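Right after this note come the structures.
There are two complexes below, and they share chain A, which is joined by chain B in the first and by chain C in the second.
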Partner chain A sequence: MTDVADARQSAAREGAVQGPAPRVAEHLNRALHDLLEADPDLHVLGEDITDPYGGAFKITKGLSTRFGDRVRSTPISEGAITGVGAGLALAGAKAIVEIMFADFVTLAFDQLANFAAKSTAMYGRPVPVPLIVRCPSGGNRGYGATHSQSPQKHFIGIPGLRVYELTPFHDATRLLAGMLEQGLPCLLFEDKVLYTRRMFEAGPLFRVGFAGRGAYPGDEVARVSLDGGGEPDCTLIVPGGVAHRALAAAEDLLMEHEVVCEILVPSRLHPLPELLPASRHVVVAEESTAGGTWGADVAAALHSRMWPALRKPVTLVSSADSVIPAAAHLEREVLLQPGDIRRAVLETVT
Partner chain B sequence: MTDILVPKLNSNDTAYLVVAWLAADGRAVRAGEAIVELETSKTVEELTAEHDGVLRHALAEGAECAPGQVIARLSLGEEPAPGVASPAAAEGERAATVVITRPAQALMAERGITLEEVHALGKKVVTTDDLDPDLIHLSRTQRRVAAVVEESHAAIPAAFTAMRVDVTDALSHARVLSRRDRVLIGVPELVVKAAGSLVEKFPLCFATPVSGRSARRAGAAHVGVTVDLGNGMFVPVLRDATGRPTAELAADLARYRRTALNGTFTEADLSGANILLALHPDDGVILATPIVYPGHTCALSLTAPRQETDGRRVVTLGLAYDHRFLNGRDAAAFLGALAAALRAPITLS
Partner chain C sequence: MTGLAEAVRGLSTEDLRSLLLIRHFELSLLRLFEAGQIGGTTHTCLGQEYIPVALSPLLRPDDYVFSNHRGHGHLLARYGDAPGLLAEIMGREGALCSGVGGSQHIYHHRFLSTGVQGESLPVAVGTALRLKGTGALACVHVGDGTWGEGAVYEALNMAALWRVPLLVVVENNGIAQSTPTHRHLAGTIAARAAAFDLPHIRLATTDIGTIRAELAPLVAAVREESCPIVVEFVTHRLGPHSKGDDTRPAQELDEARAADWYRHAAGGDLDLEIQALVGRIVADVSARPLSVWERA
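Here is the complex of A and B:
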């Protein structure tokens, strides 16, 4: 188990932190700065990403000022931007494309599924396509039905396409560098609620480590466990965007019910990394609306690998089967909340 | 002394950063004077003092704070501001280093356990287990048994009848079957099979209560048999005791016993019974009252065979039954039919 202190130290070396850890948005912005500086072949494309606006969520702030026309604001066509990014990658350069809201990545589905993913294997020899498509996803911000979705599940199971999600525990520079190194097109979903949270922090009760080494940098599965808590009663498996909700649930479960949880947070959602629960009860929680979920894929993998070791089938929690309302009180009812995770754990362990 | 709370500055952030204190710790400030700078994800805001007083910082520069949290305290007029070394502050600081779960806090209050004693444990997280090491926790299996027994006692008005049953011929028949089918068959297996053959004759004994007034008829007997080999009691189900031969039922029970010893029962093993057979195979037991499983109308109990003075071998067969559905007469008739089948075991194969 390597400690998250490693990642924090590397962040410190970058000069990003003195005192509290950086916010996720600043940390990701810093990662893009570092990658563009380190690799003159890397390009960043997206709508309204150049200064002074610096992108809808300011993740690309300062990039165009520093790196000129390697950072370009584009016309409003997700299909075109993704196609250009894949074309750059296919022609020997590297590209990071920003989709302003993940909801709009459906417009790039054809470019991703039929062009970028296929190009890696259609030319008689493996061809690297180092492309990252960044997608700010998720709700709980009152943005309404078409600016709040978590469309990760629609991209699971496309050969040649990898699906990642930003987490508060994985160093973004390592993660993005690892994705480009693979030479396969990658989607990176970034839950918008993470942007203002701090990196590497899991509260006073929990400590963060990494279980094993990943295939590529940033592929490791983060394991959040109770400091001095012994064997957990339940394992929560969540993508990065749900990490804080899982932590809130785990804290409440400990304080009110004396149920000890560990939380596994993979950065790669597809293909699934090896997930090794330390308990015999597993709950997978995600913000995607119900039906055809990532969690179902995780459950199928765990069932076939560790059925005899599980006390009962993996419990799945997701948002409701509903179009996401804009009104905050209605949105809360539809989207996954810490209380949903807490209830699922209690039902699972008792 | 008033608390200065962190206001909610926007709706996106859950925490803000204390950028800088504009008034030093212990300094007298005037109403309206800016005292601290807070950074949100978008901007930096100043907080001001609401009245004159001496300022005491509660957080250091660089710390995170959440809306509603105490960021500083302001003394009223001449009231002396407590120093940082005050007992209250020291207590607060210490309390922050150990986490005590809510049930553990309740136990502290109930038993009069002091914070000193809790700190002396030297643990970061204190649960009820740490405060009361003499507590014996039930296993998960036993907690499941407890839940079922509780529900049964709360919901089912049960009565009980026992019958002495001659199994001399049944035992010799069982030996023949065991040799023929190469699987261990004893009285329990024959009782299961005998029960299976009585579904049509005693439909209420196998029916599932739907309400207080009706119960749904079962097509076949699915007999839950208690298995306890020291790792907790389980009730795996011998499916279709009506249609399947005794040897198959015996093979299933043997498999369940192996599972109880060194395996894990699956949900399918444990669900779907419509009658229970509680086995009491220990020598000397002459009578045992089973509980009626919620969702059943009755439950059988069976002791080990014992020798009578006339040389005959007998068991006690008991029936606990939901008195809303069955009466003593039904119980005696059902037990009598089982006893008759065991006395003429040739039909049980």
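Here is the complex of A and C:
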């Protein structure tokens, strides 16, 4: 359980031991400060990331003041700044690139898929490309069709490219350091609503542990389970951005329906880490729109590995197959909500 | 073209060797393709050999060269490793990249090529940012057709804003695959460079001595003042874009041939020597076992 210890240390460093845990945005900002301080070869690039603005979501606040030219506000050129990051990485530096909204990472698809990811292998030998591309993702904030998406699924299955998602349980310094250590380009999706939540908290009913050992720091899967509960009725597998919706559904299922859920939250989405459900019903929930989803990949892996142990095929729940509307009442109809997860679990266990 | 004849006669043996090595290498590739001994695709630089040969002594060992689909000459002028490159293209033992990269994806010392137009310019800006202040530079080769890609402008904008040591070499051979420049490029490359306040020089000569004399102070300024520049060569593609896909009218091809330096070197002792050398390399590499890729 070294992660838990690390998480506590991290919380202590942020002076939050006595008070509430830091918000995810503050925690991530602190992680970037720590990483830049520890590594003089690390650069951070992105649109509007320097002070006094400090980034659209303030994740880079204070960095340029402390670290000067290593933190660079760029023109509105998502494709090229991703390429610049790869060029820095090839020449012996390391780079973290911020894409202001994950929707815009489509503009960097060529640099990611055809250059950064391929360069690690297409020259016949391993070429390190320590590059992280950070993507604030997800909706439920009323930003409309082009500022609300969860495009993780479009990056699943690209050789050489790793896909991560920020979670409220994984220490961000450790996670990002582990990503850079691999020498492979990594995408990090960061749910924009998650930014406002507090780290390490799963509510009074649940405790957080870590299952399995990851290949790199931060690769472990967080397991949220009922304090003192036995074998759960259902295992929910969700990316970090859906963790709080899964928790809300799990609380409701316990109180209203006496259904016990555990929640597995991997930080790495691709390649899939080893997911070890403790129950025989599995539901995968994600905010991506339906079709060709991450969950389908998880289901395929679980079906081939544990088919005899499952009572039913894995249930997939996602947002609707739809553009994401701007008006709050319409957006709610399209995007994954706790009620969708609750319904999916009830249909699965009964 | 007596000027061209004189210029070729005035070449150093070293430069002529380098030119001939590239010429005979590329001609051999086309023959190997015709004979079915090479698969996939290739893009030869016939007629454009003098550009990397002219640049070669202006580059330092710690400079990075970013090359494109038409990159054999860029590699050979810098490192001369014809057997390694041929083995790479043929997938044989001794290949520079184990045969994984092939003709257009090669990473060797500080030379890196990629197959997507314009893709390497932003990467070169990143590398140049890293090199800034060391005296080394990043040199990136593009064609006239590459200027259709948005990545070029995103990269030039950042290169100019951040003053990185970037040498952009444009090989304007008047044709992008099958589309003539006047059909794919509005305005001029000079005006596009000017839009970013970047110095631009247009070199219509094929004379290596003249090219070096013009470029030496400019390349020194890229290093010392960390100011990116755009060097546009007006050149001719003698061969097809790839293999057997040349649709240009005879008159245009005649013009390209008239500008060819090789007419004035053909049949000389050195020509015969290098031709024989490349012949031996082809025989040697063809006889080698297949390359092995040791995956990470």
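Keep in mind that, in the parts below, the second predicted complex is superposed on the first by the 337 of 350 C-alpha atoms of A that agree within 3 Å, B and C clash if a C-alpha of one lies under 4 Å from a C-alpha of the other, contacts with A are read in each partner's own complex, and residues count from 1 in each chain.
Just so we're on the same page, contacts are C-beta pairs under 8 Å (C-beta built on N, C-alpha and C of every residue); 3 or more make two chains touch, one makes a residue touch a chain.
What you are looking at is a predicted structure, and each value in this text was computed from that prediction instead of being measured.
> Could you say whether A:Pro40 touches chain B, chain C, both of them, or neither, answering first, second, both or neither?
Neither: A:Pro40 stays clear of chain B and chain C.
> Can A:Gly157 be said to touch chain B (first), chain C (second), both, or neither?
Neither partner.
> Classify the contacts of A:Leu226 with the two partner chains as first (chain B alone), second (chain C alone), both, or neither.
first
> For A:Gly203, is the partner it touches chain B (first), chain C (second), both, or none of the two (neither)?
After superposing on A, A:Gly203 lies clear of both chain B and chain C.
> Using the touch definition from the top, say if A:Thr74 reaches chain B (first), chain C (second), both or neither.
The answer is second: A:Thr74 touches chain C but not chain B.
> Touch check for A:Gly292: first (chain B), second (chain C), both, or neither?
A:Gly292: touches no partner chain.
> Look at A:Gly339 in the shared chain and tell me whether it touches chain B only, chain C only, both, or neither; answer first, second, both or neither.
neither
> More residues of chain A in touch with chain C or with chain B?
Larger number of chain A residues touched: C.
> Tell me, which parts of chain A touch chain C in their complex?
72, 74-75, 77, 79-93, 95, 110-111, 114-115, 118-119, 121-127
> Which residues of chain A touch chain B once you look at their complex with the stated criterion?
19-20, 23, 25, 141, 195-198, 204-205, 226-229, 254-258, 308, 311-313, 350
> Within their complex, state which residues of chain C touch chain A.
64, 95-101, 105-107, 112, 114, 116, 119-131, 138, 150-151, 154-155, 157-158, 161-162, 293-296
> Which chain B residues qualify as touching chain A in the complex?
12-15, 17, 41, 62-64, 96, 99, 101-104, 123-125, 127-129, 140, 143, 263-264, 267
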